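In the two assemblies presented below, chain A is common to both, partnered first by chain B and then by chain C.
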Partner chain A sequence: MTVITISRGSKSMGTAVADQVAETLGYECLSRAVLLEASEQYDIPEIKLAKAMQDAPSILERLGHRKHSYVACVQSALARHVARDDIVYHGYAGHMLLKNVSHVVKVRIVAGMEHRVSIVMHQESLSEADAFHYIQKMDKGRQKWTKSLYGVDPTDVTLYDLVLNVPRFGMEDAADLICRSARLKQFASTPDSKRDMADLVLACEVKAALVEEHPDVAVTSKSGNVLVYSAAGDRHGRKVRSQVESLCQSIDGINNIEVHVGAAAPESAV
Partner chain B sequence: MTSILISSDDQQVGEDIAHRLAEREGYEYVGRSLLKDVAEKAEVSEEKLRWALDGTGGRKVSKKERDILLSYIQAETMERLARDNVVCADLVAHLYVRDVSHVLQLRVLANPEARLEAYAAQNNLSRKKAKKTLEKDRASRVRWSTESFGVSEYDPAIYDIVVQLKQIDADKVLQIIRDTAAFRGFQTMTYSRMCLQNLLLASKVRVALLPTYPEIRVKADGNRVIVHVKCSKRHKPQTVSGIKELAGNVETVGLVEVHVVSNLRDADVDAEPSPITNDE
Partner chain C sequence: MDALNLDMILVLVTIAVAVFLFIVEWIRIDVVAILIMVALPLMGLVTPKEAFCGLSSNAVVSIIAVIIIGAGLDKTGLVNNLVTPVLRVAGNSTSRIITAISVTVAGISSFMQNIGAAALFLPAIQRVSKKLKIPMSKLLMPIGFSAILGGTMTLVGCSPLILLNDLMAQFNLKPFGLFDVTPIGAALVFSGITCFILLGRWILPKTETDEAEPKAGSEASDDGDTAADIYELRTPKDYTHYREPVTVGDLRERYLVNVVAIVEPPDYKIVAPPSTMQVHSGVSVGVFGPKDAIERLAKEEDLELMPQLEVFAEELTDQESGTVEAVVAPRSDLVGRTLKELEFDARYQVTPISLGRQDETYLSDIANMPLRVGDVLELHGTWKRLQYLHQGGSLLFTMPVEIEELKKDKAVFAGFWLAVALIMVIVFKINLSVCLMTGALGMIVTRVITIDDAYHAVDWRTVFLLAGLIPLGMATEKTGTAAWIANGVLQGIGPTSPIVLIGVIALLATFFTLVISNVGATVLLVPLAINMAKASGLDPRMAALAVGLATSNSFILPTHQVNALYMGPGGYRSTDFMKAGVVMSVLFLVVMVTMMSVLYGI
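For the complex of A and B:
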């Protein structure tokens, strides 16, 4: 079992490559459908979730933390979905949402600006200059989103296992190379990696349950032992603790759950 | 047959992959030892060539001198690449070999955790300080590559593949390279070979011109050379004739076209030149 996340800049043939990879490997191809699942599970309109995953938070949104809550819900739905089966995911920020699981292959698709501009000129009937600005605007939006929520630049190649310049390969060869990489022994699931995935699912679920009222929480899980980190003070920490106690009953798989108030969350926390 | 350029954020990692690849595939390895030949040919110090390449040396190397030194390295590297079946590493060829379809451009990223730990241990630094230093180095490389070649070394779009050595190990990287080199798009064609020859000729003309005309862009198309030069109107006639003479002395150069521009950034070197050239 392998999960492949395909991240791409706008207009760099990422969707087509993802479809081809999924077809070649016989995997499910997942993108926006995860928003529907999150919408059903957490009773949040899909359009709000889509907006949360696309647009960088406005100043008001940054103050309100609602976006963090929506992203956490999407992350939880995504983790639960990919834990089930072989998946190619080419939706929002898969490389950020599915971290620390060794059988997740993180791929980024890039293309030179010239190539992207020519696609936009053709698709959107824009002049070269307008197409260039269109792409810049979309790229800037994605960077802002990722930076505001995760503090990283999505174009930073160290976030990925493999980055491919698709126009150099053509779609089929690019998909072929991704498939070969995904078949590497290093990306095969192991009992440990399946456990890590189960822990990710659990951590995401706990976070989604807490984040609306406690936007600063970060959660880790190791073999069902959940740690909730809250940067807030003692009084707020008590609220977190009382809410956390009820989670043991409502969420399956929790062996033990602890709250650490005022402690910095590790990098692996969701 | 494909030629392969390997770049890395860690010199040792890049060299290791390149050496192993050359050995496995029976390719010629072109690396830092080239600087010795360049130093002898150009009668410059090897140390200065290394400074120019690494972006170090501070005030000991002016921008003009750095550009000249890099042009020597570029010309010699292009000479080797024109032979086919070459693996080239650590000569920043990925920054000046553009649009040659049979040349595979690969960037290999060292395992970031391992690299950070090794760097901290080597330099006796705390993890935090080591991280900060590496980030500073990276910013410096971006600046250097953009100033010297107009592209950032860290822009993934200038490579065909970028691989991180985290879960993918060096052996698998070699396998990926082998698989990719077999793709049709990376086979040598007459046209791609011609593109490489054009880059080679342009690099030789730059070597001839840069000491006298530091602000130029050069493109070659067969034996035709197109030079964009920044100079004032007052010096236009002697600049044009000077460039034609120097460029014309380079082997295999036939026609030399000179375009005087006020700003090199506006010079569209890829555009077809107008029929009327600055032939004064």
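For the complex of A and C:
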């Protein structure tokens, strides 16, 4: 009963490794399906969600906060889906969203630039120089996206439990290593980790419900006690408070909900 | 008009610097006062003896005695015990609540510091607001204004009036008696309350819940399951064998209840355990919270809920420990800091239960909320620990609590000595500071309050603010600066009737009290007003009285301590104070001048 998130640089064989791991463990392999689910649940065109999950928000978009809203919807769909357990997720920033859940193995797949360039040259019929620029552009885009949403560099190895240079291991052995890690007792789900996951799902749902009206909120939940942190001033905070109750009315599992205005949100908040 | 000489220029520069520093608040106002106290003799504007005569003035001695008497009354629970009966009288109607609490607060603040009276009812008002769904903003401002107005009901109600006789002494004017101002003060309180009852809906800030009618007769906290209490739970012998470690903080986060004590066999006992403490197998846990939450905790964590307190039957009895509500004071060092930063649990060994702010009660993650003026902390701990926290002075304790050293049996003595002081003033016409100090001393001798507690209770900032500014008033008069300004003002306004002159003086006092402190305004304006009165044939005592009263006309800006205290909980903006404050200030001036005219025939 484990969840595996695989973060990958472009053309690092991450998708193939994820498929292999899912097949070996009998887990569901999940990537873009999350976008579909979010699209259905929140009635947002999938293409907009996909764009929000790929490109860092521009200055104008930051002012409009629309992209943050889309990302919150995808996060909510992802959290709900992975709460079912036995999942290999290799979409965007799963490791960031699920960082505080103990039964999640966070894997980073890397490959040397030479190897990646050769794949791009072969797949895209590009010259070596063009392939190099292509990869650099993709990497920078992902770095920018993660930085803008989570304030971290996705290449920071401390974010992961396992970092694998796949061409060095070979795909089979890399997948095998991940599977063995997933079977370790420290990654097995426990009542506490399940509770954490349920709280994450709840926090994501609340955030998705609020983010359109209040893009600056951050949400945590502990055993159904939801805390909404708002950076708004006191006057605006009153408005947030009055709206939170009505916006969250349809969400099940809330034991208590509070809005803290002006207090710094903890790192675990979504 | 005489020409300015060097001394007058120096006094004017000193006044300008003082006013500037009062406004910008780069330095605390009491430090500004001390600065003046030192600078004046150095410039040769007053003698060294005059510079420090403020410290031995009747005003300073009176305010020290008033504070000690107030602390004595507080110690016996006499004042705190008013809260419950007043709320009973207040009932469920907004007007009655405002009237009952305002009258009581005004009455208390006529003998105690205004801020203490205002803080006393804050938690109770929050509960009433929540229970009856009346916005805090509708209740707090009228009550806060009444606390300020109540200060005008006796000569010891506020610092300006305490100071008045001293400032008049250098002009050889007959001092005012303790209750000489009472009719005017009572009229001001009455008009203030009436104003809010009649015009409240227009001058108080509008809220989203304005349309909602108060729920008459509703008793929100009647439900036994939602009323918090202490329960005893036991962990099974194998509690930690089959689960991950659970800490005191985990239980709080998960169930919004508070572990207030843990007993581990054979003899380990801890009250207010730190949030990082693990809950072990086979221990007894004292938990404070609503019954439904406790039952949920017991069920989900597999704990045994005891039908009654057994292990904690002694440790957590009302005689040993309890819950209090404490308000973050306006000048508290807690403001802007979180309980976590302050290591509150470890330092005071009391458990923060909830935090009340505006009309919200917070239970989750309150340790990380930066504290604000007027926040109400509900705390649980032993009386000894709560007492220790109380002595720190950062929090105003307001509940009718059974704090360990609450000396109910001394209430008779406290009442007796207050009566003695009043009788000495009224019947024997003895000097006010002597009478008040007799009352204070009586309370110390009869052990209502210890001498150490008395020293601790004295607000030295107020003492030095008064003492430091008194020589400035003397220098203003002595150098002829007061007369010079007074003549200038009189020439500016031309020949005028006494009543208009009183109005002008009161208007000046109102303006000055808003930008500099009420004490500063009094010290600067009393000599000025007396000179103006002398020059125009008005009774100088009336001019001084107008200043003493009008410096309490501080409603337009939230600069008064009471307004600052209520601003946060009421969710007011400065514009809210301006709107209601302008109406109140105009009413204040009209009522004051009218009453002075009627009573003294001006």
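Couple of notes before you dig in:
Operating definition for what follows: the second predicted complex is superposed on the first by the 268 of 270 C-alpha atoms of A that agree within 3 Å, B and C clash if a C-alpha of one lies under 4 Å from a C-alpha of the other, contacts with A are read in each partner's own complex, and residues count from 1 in each chain.
FYI, contacts are C-beta pairs under 8 Å (C-beta built on N, C-alpha and C of every residue); 3 or more make two chains touch, one makes a residue touch a chain.
Remember, predicted model here, so these are calculated numbers, not experimental data.
Annotation: superposed three-chain arrangement on chain A; chain B versus chain C shows no clash, the two fitting side by side. Touch criterion not met for A:Glu267: it reaches neither chain B nor chain C.
Of the two partner chains, chain C is the only one that A:Leu227 touches; chain B does not reach it.
In the superposition on chain A, contact is made by A:Pro191 with chain C only, not with chain B. When the two structures are aligned on the shared chain, A:Ala111 is found in touch with chain B, with no touch to chain C.
Looking at the shared chain after the overlay, A:Arg168 reaches chain B, while chain C stays out of its contact range. In the superposed model, A:Asp252 lies in contact with neither chain B nor chain C. Once chain A of one complex is fitted onto chain A of the other, the partner contacts of A:Ser181 are limited to chain B, with no touch recorded for chain C. By the document's definition of touching, of the two partners only chain C reaches A:Ser242; chain B does not. The superposed three-chain arrangement places the nearest Cα atoms of chain B and chain C 13 Å from each other.
Applying the stated touch rule to the two superposed structures, the chain B and chain C interfaces on chain A have no residue in common. Note for the complex: chain C touches chain A at residues 208, 243-244, 253-256, 358, 360, 362-365, 368-370, 571, 573.
Listing the residues of chain B that touch chain A in their complex gives 101, 107, 109, 112, 154, 156-157, 159-164, 166-169, 172, 175-176, 179-180, 183-185.
Of all residues in chain A, those touching chain B in their complex are 102, 108, 110-113, 155, 157-158, 160-165, 168-170, 173, 176-177, 180-181, 184, 186-187.
Residues 190-192, 220, 222-223, 225, 227, 234-235, 238, 241-242, 255-256, 258-260, 262-264, 266 of chain A are the ones that touch chain C when the two sit in their complex.
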